[in-house]
Amino acid sequence: MSTTRSHVIIIGGGVIGTSIAYYLAKRGQSVTLLERSQLGTEASAAAAGMLGAQSEMEDTGALFQWARKSRAMFPELSGELRELTGIDIGLVREGLLNVALSDVQEAELRAREKLQRAAGEKAQWLSAAEATAIEPALSGATCGALYLPDDGQVDAPLLAAAFAQAAGVLGAKVQPFAQVQGLLTAQERVIGVQTAAGPLYSDHVVVAAGTWSGQLLGSIGIELPMYPVKGECFSVRTPKPILKKTLFSPGCYIVPKAGGRLVVGATVVPHSYDRKVSLSGLAELMERARGLMPLLCDAEWEKAWSGLRPQTADGLPYIGKVPTVEGLYTACGHYRNGILLSPITGRVMADLILGGEGTSEQGNSAIAPWLDAFSPDLSPKTNRVSQQDQDTFSATGKELISIETAH
Amino acid sequence: MSTTRSHVIIIGGGVIGTSIAYYLAKRGQSVTLLERSQLGTEASAAAAGMLGAQSEMEDTGALFQWARKSRAMFPELSGELRELTGIDIGLVREGLLNVALSDVQEAELRAREKLQRAAGEKAQWLSAAEATAIEPALSGATCGALYLPDDGQVDAPLLAAAFAQAAGVLGAKVQPFAQVQGLLTAQERVIGVQTAAGPLYSDHVVVAAGTWSGQLLGSIGIELPMYPVKGECFSVRTPKPILKKTLFSPGCYIVPKAGGRLVVGATVVPHSYDRKVSLSGLAELMERARGLMPLLCDAEWEKAWSGLRPQTADGLPYIGKVPTVEGLYTACGHYRNGILLSPITGRVMADLILGGEGTSEQGNSAIAPWLDAFSPDLSPKTNRVSQQDQDTFSATGKELISIETAH
Amino acid sequence: MSTTRSHVIIIGGGVIGTSIAYYLAKRGQSVTLLERSQLGTEASAAAAGMLGAQSEMEDTGALFQWARKSRAMFPELSGELRELTGIDIGLVREGLLNVALSDVQEAELRAREKLQRAAGEKAQWLSAAEATAIEPALSGATCGALYLPDDGQVDAPLLAAAFAQAAGVLGAKVQPFAQVQGLLTAQERVIGVQTAAGPLYSDHVVVAAGTWSGQLLGSIGIELPMYPVKGECFSVRTPKPILKKTLFSPGCYIVPKAGGRLVVGATVVPHSYDRKVSLSGLAELMERARGLMPLLCDAEWEKAWSGLRPQTADGLPYIGKVPTVEGLYTACGHYRNGILLSPITGRVMADLILGGEGTSEQGNSAIAPWLDAFSPDLSPKTNRVSQQDQDTFSATGKELISIETAH
Amino acid sequence: MSTTRSHVIIIGGGVIGTSIAYYLAKRGQSVTLLERSQLGTEASAAAAGMLGAQSEMEDTGALFQWARKSRAMFPELSGELRELTGIDIGLVREGLLNVALSDVQEAELRAREKLQRAAGEKAQWLSAAEATAIEPALSGATCGALYLPDDGQVDAPLLAAAFAQAAGVLGAKVQPFAQVQGLLTAQERVIGVQTAAGPLYSDHVVVAAGTWSGQLLGSIGIELPMYPVKGECFSVRTPKPILKKTLFSPGCYIVPKAGGRLVVGATVVPHSYDRKVSLSGLAELMERARGLMPLLCDAEWEKAWSGLRPQTADGLPYIGKVPTVEGLYTACGHYRNGILLSPITGRVMADLILGGEGTSEQGNSAIAPWLDAFSPDLSPKTNRVSQQDQDTFSATGKELISIETAH
């Protein structure tokens, strides 16, 4: 590991850290990314890759604004990454059906339809007959579905790999198996990081270590409340594709991948620090999935896995300058939206570090006003959501299902 | 592939074929075993390895006699194989609980207790309290269990590997990836086999190709009715062992392997020629297993797989000389008892081929009278089970559960 | 397995069989494809996916004509398959460097340059300096390279999967784990096939079973000399892409895949019926690869594998109507060119079966004159290459390297 | 994660940490073991499992005394672990051939023969003819071999699993995925550890985290110089066993495992923090292995892997009480001898923590005098090896081969 100074050191090789490295490298910055293990093997590898800007958001606050902006970046990004690395990130823009299985869910989705139309997004309520006409594999027991034609999906593990490789092609030093032991500071400024192979110095340090970010920042007294929320998934195969659009319902989603593969997710196990896939989680998820799409019964089992989503106290990510320590930034706590938000997070962080929007490749005027909502400065004086706002926003962190395993 | 003549050619590299090769090689015979793919990768690899001489048998006919004789061979065999190959076949002799989950099942098991005691076997009915005292992980919903202390288990994939390697050490030629295209005959005698690499000649040929034996014999006009019965299984892990004895109930068994691993089986899908693990099969098996042992809920998912059991028309294997073609033998159709019956099948086949019991290492007097029951000669004149006997014996082939998948 | 009659039955689920199924299904035919195991798991799964229409061909005979025609089909095919199945077959059209490591090789490549230019193909000799300027990872020890800008590559395993799924979407019945036991004939006509689950009837049967085609045809007396030629490969990974174009030299090729993955092939072990990767084969291949591209030393080991290429006596595939048995066709023996030739083979076979070029979607006028060169009719009266032509063509089957393993 | 207080907390779930947990649990202590990832997945999983008490040691100092004492513990330990967990740790006591491939090596081994005989160990020089008579697969190019009949081997990954499960059976809390963030101290005493899920308190804390121990201790100012030394390995399979004894030569060892599997190791890459298996390392290791045992050429490739051995500045492990912090212990830095030394390390650590040898199950009189040699107290006043002793001992840390990879 060279000790050559970088302008920016990024800690964390998931989809957020590698996106930041990519956008900084694109703008000619010297960047070193340090990942303690292999690249992209934690939450980024476990994600189903939904780009649910509309399906995951329950209001039109900051998270929604970022989400739709980020979703819009994927088509161009997909081409850039393929050009640089040969990797096709599997962008599919076939839309998503937000399925109602009860009257209550129907009412909620109809309300959401109005909200999203008012915000200028496409959303269309389909009757059961209309929904099953579009996706014949959908259960006949549905009450209907909210069709979101602009939500899509990517191959999440490939996205992290493509960001990392593209950053490397553009000059970033991307180092797997490089564990950061601590942050080096001097006179209220970060000056680098300590690694097993010695210190590395830089002007800026970005902590983008997912659910492990909290403890790294905590080691220098920055308290950002975070906890992991385990999600268990499985996949099956069918001889030929039987689903075009992603199905999304309370407690279960089914994402059609290339070649007849279907990814089914996900349980919600808060405060779980292991990645054990439990039999009970799997059984419950199977039951929900069969309720949503009975044809799954005949599908061929492929495998099961899990990941730890990084959740925060109020359900909003921490993105921005860390207070009191000059040169230190974080971008973490994206919970279930890390894949979706990775492009916008990478680009905004690059802007921030490079000192202002003026140098950005594209204007962020739509985003900047919302940045304060994610400030890692939790002191009362800041603009991070006030209490009543928190009530609103915390809804975004609300668990749709909650499978508690006995311990 | 050398064309050197062998005394015996065996077709099939599963646990039956490799056992026959082992017992022939032990007695100094020149043997060539031909396996079309890798060794031990079909039903032998999928088996849970139960040695259920008592738990799988519902009467005291020929199959039971062979089963208990074969079970008794394992301790010595285990030592021999370890000595020759270094492979520990994982023999465990902790007994088995045949669990009743209803009054009907209890009645059936109590009847079986009497039958087996009368046959001189150990069998003891345990109340629910007694059973859960021995195995605390067993569901409290049980009505009790028949304790069979002498039934046990081995590691099935290792058993096939050990037989094959031991046969090789003793001089047998064991050839994976050697596909037999046909049987060579002359003047109502088998003279060898045709392979992709040319003909191989021998004095004797044994067809031990599991569920594929029927079609090979059929190609020279020998009709032995057979069909595959798919069984789907899965395994989980626990941090420390929570089960000592195998649990066996209608529709589900749980076999404790070394290191906290539990193998759960198995569905019964007749006439399935593929090895697809279906979501519905898996879900149903999980539900049954959790009913038998609720603690499974917390166990960690490992994997799922399946195998094709070779079933016959009357539920009894075909073992012996094939009628009308001199020098031709078969040993197939062991259904769910292939692992258990492999030692006795191997030794009896060696006796048969070498021309009589006189040369056997151990007297087969207990077995010989039962051999006719498995004769591949299905003509009315033979001693294979008469019709009323068939009614009795066919019970052994009765499916305990039957999960039919839609096609 | 349904016994509903199909117009065409195809035996073999590799890239050739699935391509034929795809082109027949596209034209509305009822097709059943039978694969004895999983789809696309033999030679199709092992191939590096080079589309070496120019690099693999040593003359401008029939094989070359088919190859360049087939190569030209990939861009449109790639779009069609992606549309139908979501699978991106990984088509890369970055060209290929045919590298000379000795004066003799240089002379041979310069001769080939002239030949191919005369045939209207692009080919350009590059000095060592020019070649390493284009691909800096190429060994400085090279004497130069013939640059073939129009040769490319695909992801071979995905191609087979995409053909199979696309055929299914278009209505074909694609059945894995369906073993064909024999061909059914009546009055010098094929009427169907025998499977383990019973007979299946059809008007036409196509044998596309790779290296196993010979024995299936042999079972009804059609002798087509064939033998397997094992090829061993390995792959490595680099943190970022270090190679754009495929490197091809006597004894070794290096194919850059997406995301910094490099596939290195391949040994040549004739008459090997197993798929064992030997230590000696691997070691020799590593040495050759490092000679071609020294930077490989630092690359990260991924895995090794092998496949059996179907070779014929004269090095040319057998494609067309089988003589003496009405309704029976074959398409096999593509040796190292199965991936490249799969589109043209599929389309021409569809034309043949549907009775003439008139119904073809595109005219095959460029191909039809060459079809006789591959006729499965080996009788002296046919137009398959005469002896002196065979001398020419057999060069295409000439092994570039030959690593003989001791037996 | 419960916050119930334990008597002892052990950090690290490799073979050292789990052995300490096992010996403490055996003596009735309440123990919590915390592993940041899965159990036994780092160096313990990568080891070939040689018990080279004589082959690895170059003098008769403290390391040798511990090694032979520890080797002697395995037979009894093997039975205990099997009884508790069902896991057979694969103990093989067939001896080891320390092979000379040059006159210099022969001279060195003959000197070692004398040294070890003088120390009371069995060691016998064999001529080339004698050595190849015992192991016909050994290269004829050998100059002879030192036969060490009492050295043996175990299955290293199973040893760690067995220790962990046995500790659990005896009451220890063994927690994978529990990352320790820091050591909690008060008034020069350790009082527990900080984990992501909150603090855990205990009377004693043992740091047994392999090559990561140094940084954890460093975080509270205890400097123990350590660095990782990567070792790359591979394995092959043969159809039947062709080697009985472990072959050990400068630069390469070949360990015969059950069922014809051969493990070949290992490269030596100091200061490597990643676990990448490089093509160059693999190629060089293959070449050495083929020199030692030419028959390997025909063996079937299985896989490659690597591990990071924890090396210390003077080549001796750190075992014992950490100076200046009451209640804190460490056991790390076992380099290539972790498997071999795990039983004695576990038992001695249990003695130390429980306050004296008096309570030990077996007297440690042979070990106690040597304990100071491994003291983690590196201050000049201690009894850790004086400078001239260090010269002697450091030989044990001398690399037998050194393959430096370019960076």
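As written, the chain order gives the labels A, B, C and D, with residue 1 at the start of each chain.
Simple rule for what comes next: a residue touches a chain if its C-beta (ideal position, glycine included) is under 8 Å from a C-beta of that chain, and two chains touch if they have at least 3 such contacts.
Just so it is clear, the structure is predicted and the values come from calculations on it, not from any experiment.
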Neighbouring chains common to chain A and chain B, by label: C, D
B-D or A-D - the one linked by more C-beta pairs in contact: B-D
Furthest chain, CA centroid comparison against chain A: B
Centroid spacing, where centroids are CA-atom means, of chain B and chain D in whole angstrom: 41
Residues of chain D engaged with two or more neighbouring chains: 176, 276
Complex contacts: residues of chain C adjacent to chain B: 1, 176-179, 181-182, 196-197, 212, 215, 218-219, 228, 271, 273-276
Chain C contact footprint on chain A (complex, rising order): 85-88, 90, 92, 158, 161-162, 164-165, 168-169, 174, 176, 239-241, 256-260
Residues of chain D defined as touching chain C within the complex: 236, 276-280, 282-283, 286-287, 289-290, 296-301, 303-304, 405-406
